[in-house]
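In the part that follows, the structures are each spelled out as structure tokens.
Two complexes follow with chain A in common, the first pairing it with chain B and the second with chain C.
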Partner chain A sequence: MQRLLNTFLSLSLIVVAIPAVATPEQNKESFQKFYMDRFSHIEKDDFANGVYALDQDARDQWEAMSDFPPFEDDLDEGEALFNTPFANGKQYADCFENKGQGVRQNYPQFDSKSGQVITLELAINNCRTQHGEKALPYKKGDLAKVSAYMASTSKGERFDIKIPNDKRAQQAYEAGKKYYYSKRGQLNFSCANCHVQNVGRKARSETLSASLGHPTHFPVYRMKWESFGTLQRRFDSCNKQVRAQPLEGQAKDYRNLEYFLTYMSNGLPVNGPASRK
Partner chain B sequence: MLLPLLSLSLLMCVFSTGVIASDKQSAQAAIKKATTLLQQSKNLGFEWNTVTPLILQAQDAIKANDFDNATQFAVKASQQAKLSIQQAENEEKNWHFNLPK
Partner chain C sequence: MLKKTNTLKLLLSLTLTTASLATPLFAATGKEIAFDRKKGNCLACHAMDDGDMPGNIGPPLVAMTARFPDRAILKAQIFDATKRNPISIMPPFGKHEILNDAELEKIIDYLYTL
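Here is the complex of A and B:
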């Protein structure tokens, strides 16, 4: 009997010890499963439509507006900027694989040379500075327009964010995950408090969207902004809402958060740029 | 005649608030303390966006020679910065409890 008890206790310890550290892949599976179970009537790809996957009334209005998207002029400007040569004769296309066409689904990516997460917007500015141009201000303006144009060339491609077998990449991913689940600001809210635990519920008149699919449609044109904004501009809005101090554009914490959040949406199609309220 | 006066004095002592008027030096010290705490919460990555405006209000009050208000704003800023540091310490230990079950 004693022997049986000892065996049982040993096995229990092993079972408890195994799931202590989940891999990014396991995290992604449980993250996506959470939303698929919570909203079993919604197709996985439809989460790429953000809040409009959950709120039919809002979706009807959004679809009616989609016949004449409010961002068309800005998107054309983004294309023109993308194709305008720098002073040295080089172009954005020279800095990206496949001449910058259809690459959105691979960003953010981990750069093993610098040991940093590189978002698409950071890569765009790196391209500029490499060719002697000034970096553009982050989060909105011309940078967001170029990024939106590049996203438009990836429409339908599926997100395929990689976390290479590099300790620094794992650390960046874990730091992003920690940021996402940590409560912050005077209101003591984490990203997950709204977008996981209370997803689909109302905050005042707004439906809280699922984080699955959050990065797929950025940069977005928000009516509130009357312009394109990057995902990090949206992080700012969330931080302000919980009374936390927003970070600088491309701050390490924001890039890590974007890395984690986009990895969680791996497999979903790129459908940016899109419009939002 | 003496007794009512003594009683009144005693009552005034009992119910006095004990507030000491602030001078410029104490207000500046309070702002310095708040600024140090704010920097700590910034370093931890948990700065609240309510603290800097309070410090700015305190600085404006000093410029207007309103040292009582300056001290009050600075003390409030310190309290909030301390809470944000407490939040950072708490989340360091407990953030993973927010993971989906």
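Here is the complex of A and C:
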């Protein structure tokens, strides 16, 4: 445990230079600065393109593919689902600000009533159950399609995640940050080991992307999945790679991680849904 | 289309299963254990020998006899790299029982040929 703590501390101090006691705002500044110094030739907004900001060859292939996005049909379905009224006559639009148009950049949110982090996917399901519909499975399927459609209406809006002056919100943020920097799984990796410490290097033939910009383009349509998947589905993939147990969709740790990770990308534009390998 | 992909996947996984069933019949060499993605997967991070598409997270594994005259030091690095470097990204192969002792020894024998 002490070792883990030391690792956690030294990682945040040395690698990202996040002071042990710093406000989320200061964390975010040093987190973004780390990547911008490391890749000084890259425009900040371009980090929203994930690994393609760092790897030109991969980018060329990806851009060729993006002429005919593989997710058009699923995105259309998401729009249709979004606009289909529930049995009680209400619809998704009734549950969100601005009728659910252009709101992606505000999620995850801290809800002071429940004292919890609410991701966009959780909000979509809460809307359903509130109106007498069954919750949809998290991570993929119809829920990811609706979420992808909602993201598409927010294109270009800049992430603006808020951490209200509420002890529970700060605790949720700190828990997410701790998850990000803690080593786990039989192979003993933290998220930061790959996406901070070794960003831009190659694990076999895969370039490791920056975490700045990680959430901006989700849900993502992955060739490997042949479907949309939410950010938390991608967490599963990374956890499996290190032989760690993936968590249930919307598990508290995942929501806190998403809260931290998205806060780190504040100021970047929404550019989802996007396609990935 | 979907059917076809599934059949393809099934075929692929069948071939893979047969292949992995076949391996225990032969004792794997140190090189095989080092290259195997489910075992050492050293190539994920290190260029070594004739390994295909190595990563570049760790240093190339070359001139091992000259650089690691003490076998115990080499073994310690593979057993638990975080001992020497607490923020090492290299998995603790021995400590986390990713590889057993016989496998570690075989890999070390192999490393000394590089």
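Here is the rule we use: the second predicted complex is superposed on the first by the 257 of 277 C-alpha atoms of A that agree within 3 Å, B and C clash if a C-alpha of one lies under 4 Å from a C-alpha of the other, contacts with A are read in each partner's own complex, and residues count from 1 in each chain.
Here, contacts are C-beta pairs under 8 Å (C-beta built on N, C-alpha and C of every residue); 3 or more make two chains touch, one makes a residue touch a chain.
Since this is a predicted model, take the numbers as computed values, not measurements.
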Chain B versus chain C as contact partner of A:186, first or second or both or neither: both
Partner chain in contact with A:277 - chain B first, chain C second, else both or neither: neither
First, second, both or neither for A:99, with chain B first and chain C second: neither
Which superposed partner A:253 touches (first chain B, second chain C, both, neither): first
Which of chain B and chain C A:34 touches, first, second, both or neither: first
Which superposed partner A:162 touches (first chain B, second chain C, both, neither): neither
Chain B versus chain C as contact partner of A:194, first or second or both or neither: second
Contact residues of chain A, present in both the chain B and the chain C interface: 186, 188, 193, 197
For the chain C and chain A complex, residues of the former touching the latter: 5, 43-45, 53-57, 82, 86-87, 89, 91-92, 96-98
For the chain A and chain B complex, residues of the former touching the latter: 30-31, 34, 178-179, 181-186, 188, 190, 192-193, 196-197, 239-240, 243-246, 253
List of chain B residues in touch with chain A within their complex: 42, 45-50, 52, 80, 83-84, 87, 90-91, 95-96, 98-100
Chain C partner contacts - residues on chain A that touch it in the complex: 3, 6-7, 10-11, 14-15, 186-189, 193-194, 197-198, 201-206, 226
